[in-house]
Amino acid sequence: MSDKPDQANAEKLVAGMVSRDGFSAWLGIEIVEVRPGACTVRLKVRRDMLNGFGMCHGGIPYSIADSALAFASNTHGTVTVSIENTISYPAPVSEGDILTAVAAEESAGNRIAFYRVTVTNQADVTVGLFRGTVYRTKKILEPAQ
Amino acid sequence: MSDKPDQANAEKLVAGMVSRDGFSAWLGIEIVEVRPGACTVRLKVRRDMLNGFGMCHGGIPYSIADSALAFASNTHGTVTVSIENTISYPAPVSEGDILTAVAAEESAGNRIAFYRVTVTNQADVTVGLFRGTVYRTKKILEPAQ
Amino acid sequence: MSDKPDQANAEKLVAGMVSRDGFSAWLGIEIVEVRPGACTVRLKVRRDMLNGFGMCHGGIPYSIADSALAFASNTHGTVTVSIENTISYPAPVSEGDILTAVAAEESAGNRIAFYRVTVTNQADVTVGLFRGTVYRTKKILEPAQ
Amino acid sequence: MSDKPDQANAEKLVAGMVSRDGFSAWLGIEIVEVRPGACTVRLKVRRDMLNGFGMCHGGIPYSIADSALAFASNTHGTVTVSIENTISYPAPVSEGDILTAVAAEESAGNRIAFYRVTVTNQADVTVGLFRGTVYRTKKILEPAQ
């Protein structure tokens, strides 16, 4: 017996979260892969995601990483929320770029867990190095109806 | 003589950035106040900013803080970009909440400067504690045409 | 009735922690002030705290800030531990400098609280900007015997 | 032609830094391995490294990680300094534990580079997840005399 849901359950939980997530829908986030404790997502940078310099706004790489973190960290079946996240920007992002965010658990305790999310562009250049610290509540996460 | 642009220049530079910033426009960000090295902005949380739990997506408080940081740190007249940001989430944010982000310089060197951005809701509850580290290039920032 | 211990209790708890804290003793940390949720400490930078460049090792401003955080966050009477800390270095530190770290609560929830610690030198120049995220256990903190 | 010093030069530069680093000497840090852009170091946790709870002070895993970062990031031959570091504490550290810190470059630009340092104990449990952001000056780093 394990407290980790199996692959099918992880997929069902993430599908439920995605179906209710309006901001991820606006971002155009697609799920590439889900595994227990991990998730890969993708989006294309549009003109309405640019900042005052004509480059991608820093909130976009952050938000795709934060969505990947939320999906990855909620695959274990209990509601899990972000406490604190950090992002570094090694390279700029332009309109039309395809961003891929890969979230994986680095270390997990009873209540607190640490995730790493790497954001790359279509040329496999790292454009975001994200670290997320989450709090695992005891509340059961309901899958999609 | 000072290397800091005056108040009128700071306002003109931020107005120029805002007029070209598509993502801040989508977020509905309004400028509340600009001073050299500081900026206060505001937005209202809409339904399309919510996540899979029906709460405000973590990318929204981050993005308003990042916009406030970009505006505040570019008031000095040279193009300034984020290296790394951290955000903590002391309290959740709901649809309809009014978020105010206050960005201020904590410490500034020749090339690197550190900013603090506090995000509060309409009840003055702190919902985001953000710290930004920026790199000041030597490129002159052009105000709006 | 309040869940915050009074001033006398905060002082007693910190005195107990300090008396058992070998590394803070090695650092030469003195307590300047204690209040519930806050603490100010001080140390002098010695030759054996320098790094390979002849400047103060980054671990010293971090460690004084981390001690200040531990003292401040444990004044509420339950054992509180660090989850994650961030430090920025706005200015270098030299042998003989007197560092003062001022820790204060920024925001506190039931289990998670956020602290800010500012480290300055004898000329009141900021040399460390530290943020700490702590987890409050339910275990009662025993004061000194 | 490459701007990276070769293996012999990296080893010579780190040996020079270590020989002048008083705090790393106090910590008992030994060099396990050096490569261009990477360094592994080790120390044993002593009684004078404990905090007021009788556990290892948070400044110790931070300091070994910060030393590993300094050594790794200075192997390229120019003086490189920390701007900002973050550490998470997934598990506690006790007296007698052997800590190993492995520092590696995650992404490097012209002036700014990002490093990851993982700190594990003798049972290979991760006790520190550290991320460092450094600034590369143009000053040549002199090896040991």
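General remarks:
Just so it is clear, A, B, C and D label the chains in written order, and each chain counts residues from 1 on its own.
Just so it is clear, contacts are C-beta pairs under 8 Å (C-beta built on N, C-alpha and C of every residue); 3 or more make two chains touch, one makes a residue touch a chain.
The structure presented is a predicted model; accordingly, all values stated were derived computationally and were not measured.
A centroid comparison over C-alpha atoms places D as the chain most distant from subunit B. C-beta contact counts were set side by side for B-D and A-B; A-B has more. Centre-to-centre spacing of subunit A and subunit D amounts to 29 Å, using the average Cα coordinate of each chain. If you average the Cα atoms of subunit A and of subunit B, the two centres end up 23 Å apart.
For the pair subunit B and subunit D, the distance between mean C-alpha positions equals 33 Å. Residues of subunit B found to touch two or more other chains are 83-84, 86, 88, 112, 133.
On the subunit C side of its complex with subunit D, the touching residues are 16-27, 47-54, 57-60, 62-63, 66-67, 70, 79, 81-89, 92. Within the complex formed with subunit B, the subunit C residues making contact are 86, 88, 90-91, 106-109, 112, 114, 126, 129, 131, 133.
Residue ranges on subunit C touching subunit A, taken from their complex, read 83-84, 86, 111-112, 133, 135.
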